[in-house]
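Labels for the chains are A, B, C and D, by order of writing; each one numbers its residues from 1.
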Amino acid sequence: MSHTHRPIRVVVWGENRHEQEQPEVAAIYPNGMHQTIREGIEENLGSGATVTTVTLDDPEHGLTENVLENTDVLVWWGHAAHSEVSDEVVERVHRHVLAGMGLLVLHSGHWSKIFGKLMGTSCTLRWRSEQDRELVWTVDPTHPIAQGVPHPFIIPQQEMYGEFFDVPAPDELVFLSTFSGGEVFRSGMTYKRGFGKIFFFSPGDQDYPVYHQKEVRKVIANGVEWALTVRPERTDPVLLRYETEDFYVGHDYRGAMAN
Amino acid sequence: MSHTHRPIRVVVWGENRHEQEQPEVAAIYPNGMHQTIREGIEENLGSGATVTTVTLDDPEHGLTENVLENTDVLVWWGHAAHSEVSDEVVERVHRHVLAGMGLLVLHSGHWSKIFGKLMGTSCTLRWRSEQDRELVWTVDPTHPIAQGVPHPFIIPQQEMYGEFFDVPAPDELVFLSTFSGGEVFRSGMTYKRGFGKIFFFSPGDQDYPVYHQKEVRKVIANGVEWALTVRPERTDPVLLRYETEDFYVGHDYRGAMAN
Amino acid sequence: MSHTHRPIRVVVWGENRHEQEQPEVAAIYPNGMHQTIREGIEENLGSGATVTTVTLDDPEHGLTENVLENTDVLVWWGHAAHSEVSDEVVERVHRHVLAGMGLLVLHSGHWSKIFGKLMGTSCTLRWRSEQDRELVWTVDPTHPIAQGVPHPFIIPQQEMYGEFFDVPAPDELVFLSTFSGGEVFRSGMTYKRGFGKIFFFSPGDQDYPVYHQKEVRKVIANGVEWALTVRPERTDPVLLRYETEDFYVGHDYRGAMAN
Amino acid sequence: MSHTHRPIRVVVWGENRHEQEQPEVAAIYPNGMHQTIREGIEENLGSGATVTTVTLDDPEHGLTENVLENTDVLVWWGHAAHSEVSDEVVERVHRHVLAGMGLLVLHSGHWSKIFGKLMGTSCTLRWRSEQDRELVWTVDPTHPIAQGVPHPFIIPQQEMYGEFFDVPAPDELVFLSTFSGGEVFRSGMTYKRGFGKIFFFSPGDQDYPVYHQKEVRKVIANGVEWALTVRPERTDPVLLRYETEDFYVGHDYRGAMAN
């Protein structure tokens, strides 16, 4: 049940467009949002994680087969350029999630190709980008992702995301957010798909300094630890032809669950 | 909460290849599996449903926009030719499910494009086609789909489908099946996706007369009734820009949930 | 799957103490809260339900074995006198819920003996009785209980109930409420226990005219329809000694699931 | 998110009656079933746990306030004498579970007072004590409790427990068992109640040497690790009066979730 004792290998994927094109975003995230997210994870996990970053404009968006094979948990932030992510890379990431790679989808990543492909739904929601205050409440107090997080914690300015959020009912509902306009959002949810674990966390936007906030960084770091699979190796779920009483004699049976 | 009082408009989609190519299948299902499935629904729902059938080889596989707009519940059986179903039709069916069309996926439909797209997983499983006896047990006795169904009921000969079945944890687990080889399968599961309701039911195979069996027909008919959405109209989930206090003043707000 | 065609037999249980002792409550609910709740159900279900009321001060609190045997759905409102409800009556109601009687628990009923006994938890929460505005949002738009209910609907003045609400994760999360103070609450949740269906709905308080509000009455009526079991008869779950292959030969087997 | 680094403090509660009264049980479990269970945990967790045992006939059944305060995870095996467990001790254990103590309920503990109190249902099932072979299948392959456990594993002789098992739908379904008679059982399920984590695991009986089996011991040890709460201290869920904007100013607010 225990983790391997090597550091968790985390890759933060950043779209990195707003930062290039909008000075007001660059002012908040001068090194790119992905770097700020990375620092938040390092701040919390220290030597327990090695965190690298890749971006949309890297070859193959930085997500080659080799990179993914060596990634325990992928963190995804995208917004303006979801459509520029190639279908081939999305297929590759999807395959690795089903085989056991953890995935954190942040904020506007709700409309990324990879999240839509994993959820099977439209992932639409309500939104408003004004000066809403967001309160994040814990509804699963024993969940590892909620540890060390005030109840509630306050994000002074944030884009509003509201229900109805068209996603499957989550395996676990961890956080609920309210906004000063009165809206509500299921802001922290976990899903298992294949052998992979997925955490969606909605706080975070290019227009606000949300990823500099201590509590948000703590949640993301907790999410990274949680999303690490405890399965010993990465294997694809496969269709298995299964002879009579194979399970009984135990020979010549190979497959994902033959652990 | 009550149903519309018109009959449920059901379309049974049949791949209809085994029946054409294999005499032993044609012997069991001389009019095609889709016709036998249709008869089972009619037998149980009588004037409560109008059931039609379409097949893979129909133009647009029989699933035109017009057909789907007029379908309350679609029943899907496919096996040998999943890859021949066009992506365009799969997109269309997917959109209608999210907008509120009910969907029953039967047996080997677990590997259809539409089911995979809705689940987001590999939908792989274990299987063996021998002379297994399948017992179907109810684990949600208050569920409408389980009413009038013996606990357990026995399918004398059936293909074995076994765990691990790579699908999301269901919203509701209704049936569990065991096989004479000792395997187990989550054989009746419900999911909501968008505004649509989905029921997966694993019994049924081209090599065995399963769809002639009374209990199987009862479950499918119950599933059809359950999958009928109670929402008054079919609307897509859409992304909504939502002005401050729109919900409060109540005007100029349009969208799927503005009911 | 279809209902029996007789009207749903509903009993509204009212504690009926605040109305007797506090003139300001009597001013809002001159005939007792239970009568207002009853009228709301009748208004929506018409001839589809026969609704009666009983109160704490009736012999056996109005919940004799005979009354419960003839009740399809029990609606529970209590607050100040939970401890005066006799354990014997609580046992009796509990047994009937497990055997298939529907139960709606309203508002402060969260701390009733019967709800605690069914949940197994402390059912504690946060609260504040000021002039909060409550917004009730739908997060399960295909759920029967959410039909015909605006998204959101607004309760102008209401007691605040906030998370963390110590209850089991629900089978279905239907509504989320936000309050003008920024709090959030899982305000509509369903549970199955034994063969019975339970709906908890938090809006409603003796100090505010909530049960006169159209949307609240609609939700309660929807809840009554939903909580009606579709099982044909009321039977207790029982421990069953089960001989080898009884299920196979099908004789001499009796019990709750032998339907 | 990480555990405290001290060993997990485990207490195995054994009814210890069959072992005293039935020579054939004593032959299988000469030191008592609780000792065998203890050894299985120690074998797997080594210095990661300190395991002690108490029995029904100890003063206060060995479960004093002081013992429970110093217990991280309680493991419960009882069968013949459920009714002899005092209600006062049951209340005490219940309070500690809600406050964060982990609980493993084994086999016939399904009918213990403490499990019934936490579930809120009858916890009835089907059973047969013959020479059934039980196969235990994993349906949640990423779950920590399933790690290092063959899929399936085989218990050569075991009492049959079959559905319908009258418990709430679990938070997580980890294992399903099949029996040579064809029955099925949800044999590994997790629940959260209050701040405590509960794992029910059905294999194990006084008449068979199940607790000597390697795979069963591994599952129980995994369950102990999983059930350890990650909350930093044990606190009861409490009802909280919550003044306007308390969460905002952050002072004078005390309670279970004020972490």
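Definition applied: a residue touches a chain if its C-beta (ideal position, glycine included) is under 8 Å from a C-beta of that chain, and two chains touch if they have at least 3 such contacts.
It should be emphasised that the depicted structure is a prediction, and the values quoted were computed from it without experimental measurement.
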| item | value |
| --- | --- |
| Comparison of A-D and C-D (more C-beta pairs in contact) | C-D |
| Chain at maximum distance from chain B, centres defined as averaged CA atoms | D |
| Separation of chain B from chain D, taking each centre as the mean of its C-alpha atoms, in whole Å | 38 |
| Whole-Å separation of chain centres (CA-atom averages), chain A against chain D | 32 |
| Multi-partner residues of chain C (each touching 2 or more other chains) | 135, 138, 140-141, 151-152, 162, 164, 169, 171-172, 182-183, 192, 247-248, 256-257 |
| Contact graph of the chains (line, ring, star, complete, other) | complete |
| Sites on chain A touched by chain D in the complex | 1-2, 100, 135, 138, 140-142, 144-145, 147-152, 154, 171-172, 192, 195-197, 222, 225-226, 229-232, 247-248, 256-259 |
| Of chain B, residues touching chain A in the complex | 98, 111, 117-122, 124-128, 130, 160, 162, 164, 166, 168-169, 171, 181-183, 191-194, 236-245, 247-248, 256-257 |
| Of chain B, residues touching chain D in the complex | 133, 135, 137-141, 151-152, 162-165, 169, 172-173, 176-178, 180, 182-184, 186 |
